[in-house]
Amino acid sequence: MEDSLTIAKEALAAAENANFVANNLWMLMSTVLVFIMHLGFAALESGFVQRKNVVNILFKNIMVVSIGILTYYFIGFNLMYPGVEGGVIAFGGFGLRTMEGAGDLIEYANGQYSYYTDFIFQGMFAATCCTIVSGAVAERVKLLPFLIFCVFFVSISYPITGYWKWGSGWLDAKGFYDFAGSTLVHSVGGWGALAGAILVGPRLGKYTKKGIVPITGHSMPLATVGVFLLWFGWFGFNGGSVLSADPKMVSLVFVTTSIAAAAGCIGAFIVSKLVYKSYDLGMALNGILGGLVGVTASADGVSVVDALLIGLIAGAIIPLSISFFDKMKIDDPVGATSVHLVCGIWGTIAVALFGDYDDGIGTLGIQLLGVGVVGLFTFSFAFLVFFLLKITVGIRVDKEEEMIGLDIGEHQAVAYS
Amino acid sequence: MEDSLTIAKEALAAAENANFVANNLWMLMSTVLVFIMHLGFAALESGFVQRKNVVNILFKNIMVVSIGILTYYFIGFNLMYPGVEGGVIAFGGFGLRTMEGAGDLIEYANGQYSYYTDFIFQGMFAATCCTIVSGAVAERVKLLPFLIFCVFFVSISYPITGYWKWGSGWLDAKGFYDFAGSTLVHSVGGWGALAGAILVGPRLGKYTKKGIVPITGHSMPLATVGVFLLWFGWFGFNGGSVLSADPKMVSLVFVTTSIAAAAGCIGAFIVSKLVYKSYDLGMALNGILGGLVGVTASADGVSVVDALLIGLIAGAIIPLSISFFDKMKIDDPVGATSVHLVCGIWGTIAVALFGDYDDGIGTLGIQLLGVGVVGLFTFSFAFLVFFLLKITVGIRVDKEEEMIGLDIGEHQAVAYS
Amino acid sequence: MEDSLTIAKEALAAAENANFVANNLWMLMSTVLVFIMHLGFAALESGFVQRKNVVNILFKNIMVVSIGILTYYFIGFNLMYPGVEGGVIAFGGFGLRTMEGAGDLIEYANGQYSYYTDFIFQGMFAATCCTIVSGAVAERVKLLPFLIFCVFFVSISYPITGYWKWGSGWLDAKGFYDFAGSTLVHSVGGWGALAGAILVGPRLGKYTKKGIVPITGHSMPLATVGVFLLWFGWFGFNGGSVLSADPKMVSLVFVTTSIAAAAGCIGAFIVSKLVYKSYDLGMALNGILGGLVGVTASADGVSVVDALLIGLIAGAIIPLSISFFDKMKIDDPVGATSVHLVCGIWGTIAVALFGDYDDGIGTLGIQLLGVGVVGLFTFSFAFLVFFLLKITVGIRVDKEEEMIGLDIGEHQAVAYS
């Protein structure tokens, strides 16, 4: 008797540990996958800009991920997570809190992952919002002011709105739903991108009296590499947002995410061909991203057919939205506002239309409220920071530098030689 | 007593769950790895084509993976898997069946992975067979007819022959063995590539009265990135085909796969140097792929030295096979028929020569039968579809378009600017 | 009673198996991540060399990883691991020993991973040391002598010094600490790089009477892709060096590794700007790598703030070290000696300054001893092999070939057409 009880207890402890290890392992692998999305963004954005601005965009991208991780450690993580329930601002001091002893680890996050795992997974997400901005203001923004903007955006703005939902703040209490961040990550980045694109103004020669002049990217292979890597990383972005390795949920998320991405490609393909009479690679690539952004809010709670519709519509939106922003003379070299802002909003609304969640969760009203308040806060914050930088140090390179390119202007270097 | 029984049962359930979670996790990670092989193919193929056809090949590759996932959802998965044992065609209706409740999940696939995991892992494989074709017909095939071919090939042809073995159909009943798809994936793609290359004809200026004119790829770095990513993804392609995370089997597969890839590189290196007096990067890259394709049928059942020999021979085959197809005036810009068809056949035969399986499994006779019937069915199917497209809408761009390149011709775009 | 004992035992076995499977899975995923570092190196090095030498460096990189895996199988693994404790040379015969039966697997490596997992994880590490050398001698070294050097370096030199610490040899017995290889991998590669760079001599036109002529890399996007992939792979390089999936340790390693990489970027950024008045992308990229190399020796035993300081200093070292080697007229086209040798030494010393290990482990004296003896052995070995090759077959291409480039000279090919 003694014996069987001892063995049973030992077995139970070992089994609990195994579950903990496997769950934590998935969160770590998701971290690795989300990390490589930063290369995806770097490749996509550098592919979509002109040859003369490639070093600059690459430099910004490696700085943004580095700044993101460091500021998230010092400020962002504590500003986003350890708040009171239902609050507006959480603030838990500076730096990473000490990790509990090994014995307490299983208590943390319902035994799903360790404290450090939580930090590094969330930290990889944080920097994303700035990377989205960098594409929209590419080819004319000044390097240093942009990096200053990033420090404020990633360490203050992103964690505050993130706390509202994911940190159990007031939006969460109201029933707002955003599974992996159509709003909290993508449209946040998109609002920053919009504010930046407006304040920095369009590139020289983009909008002329004779009409809109297409300025094509310098390397489509690089852009394609970027999109594939983003899709690749999205398995961790969405799959890791299950916050455990639960086979049923994670595999559902894998399926909805992939189906939406594929449908986004097809949606953009069809609309490009019908409306613009062209098999446009750039549109199809952004269609994939649109599908991914669109399904991100509801990847854990829609059927496969729903995911297909969400992605298809997101992809179809892309060419129309890009055309719309061009008509508004808001110049966005990589289409970041269309992909992340417009499809992010669409995905957040899709939660109400397709999502299968508990009563009072993700209703149309609360989803629209979430889109609105997060948008209002983020756009205002980003606009204010960019505006203050504009009237002080300036945010745009001078005409001559823009003409010769930021690689020579800011870096005295060329991307290819 | 009561107590220890309760705890023992709880521990057993927790332990079974942990095994389920870990196994499922490996299948999901394998899915992610197989997914990125599509970027590998896109990079490889775009690197090996001329600068003027890069947008076109990239466009085809993102369309193929999207079409593959969607059609596999609607048709392929049910056509491949839920058939009767020993049959010729399996057909289980359209769309993805509903996932059982969480409680039943451990019953599925012997408790190794969830239903959705099964679908998405298999779905990532499916699109591969079309991607292989796209390389062989590159630089002159018409976009839309090619995409139509892909829809039929991936949703009908691939699942039917796949069912014969992996869906427990008649070839499986006879003892045919193909661990991860030297035949069922690679030579299937290779037969489609051969049919396409024959019907679409060689590129203009490739075979002239003065002899064979080499048309070199536009970017060797891109091709090299592709091969490394394919090797990377093959850890999931072969490793995931264990269908569990069994440490002994998966680690053996990792070793045999890597050793064969490395030996394939050396094999192609030696033959290139001895026969063609050159350190040829393209050959060495295809040698790696040849080694990988070669070991795919038997990676779970050969010794390390056997894997080395299989890879070495596969690599050595590559330069000879590429030279052979050129002599036959079958133009294949990326060497897909040599890598996937020829080395796929070699790998399937190698099961009989080196494999350590149960009696009656993988004998030379049954392996040759499998190679033959899968080849006959697939080549006929692909030839018929391409032929019907050829006599109706046409499958080849006109001469002028081929000269200026498909990027301008089909997409009004350039890859680099 | 009988019942509960039976169930308890069954549960315990299942739980132990689940832990084994999860641990082994992490080691396999780490293997995959370390593998892709070879693509990272290939991309980084080919990006940093001139357009005319790209095929050559890519060819070397795929050969090196292939040679590395094969020789590690035949010689390296047994020369590194199954030795007596405290010894100087371990030698356990040729080839991979047979894997024990499934029943014994849990006994191996304290039930953490299988024998084949051990081999393939270690095998992926081994080739790294040669890849580091290939960057430093790029653009002028002869292909075949370099490959011969690699065979000796990876199959003899690397395993001998590796055994001293990781194989429980004499340095381990003295208390030397090197968690994941700041010394045993990176500075070993760096010493080889230094020996090679000295003996092969600087590139033509690099050091002239008028001063140092910068020879810029041909593709900054390729170099950036390389650095992101190296960071990506480092999660497996450092994370896998925990040798289990222990959530506490692996997640700590993820955090320290990422923080050091980010801080390395910032450190190089600051010093480049202050000292050289430039936002230098190449320096920032190498700063990331410097941070990663620096934290590699102590990623499991430092606090987050310590990791930040280690990385920041490593990054700051990079521009100064690159400048120093240039003043010494030691020409290293990719900065491999600065990144791997100098930051490797710094990281090994940082163990003594920041590390939290048991008494007598990693003291400053023993760390310096380790740096010294490994350096002395490796530099001597590499120098001798390069020297013997130099006086026999020669290690440098002739002037004409160097001028037209090694792609034409060695491969009769061009990277781009």
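Structural remarks
Going by the order they are written in, the chains are A, B and C; count residues from 1 in each one.
Quick note on the criterion: a residue touches a chain if its C-beta (ideal position, glycine included) is under 8 Å from a C-beta of that chain, and two chains touch if they have at least 3 such contacts.
Since the model is a prediction, treat every value here as computed from it, not as a measurement.
Chains compared, chain A against chain C: the Cα-based superposition rotates one onto the other by 120 degrees, nearest 5. Two copies of one chain, chain A and chain B, form a contact in which under half of the residue numbers belong to both partners. Once the centre of each chain is set as its mean CA position, chain A and chain B turn out to be 32 Å apart.
Residue positions 1, 4-5, 7-8, 11-12, 14-15, 18-19, 22, 25, 29, 219, 225 of chain A each touch two or more of the other chains. If you check the complex, the residues on chain B that touch chain A are 1, 3-5, 7-8, 10-12, 14-15, 17-22, 24-25, 28-29, 31-32, 35-36, 38-39, 42-43, 46, 54-55, 58-59, 61-63, 65-70, 73, 95-96, 99, 102, 105, 113-117, 119-120, 123, 143, 219, 222, 225, 410-417. Chain C meets chain A in the complex at residues 1, 4-5, 7-9, 11-12, 14-16, 18-19, 22-23, 25-26, 29, 33, 50-51, 216-221, 224-225, 227-229, 231-232, 235-236, 239, 245-248, 250-252, 254-255, 258-259, 261-263, 265-266, 269, 278-282, 284-285, 288, 304-305, 308.
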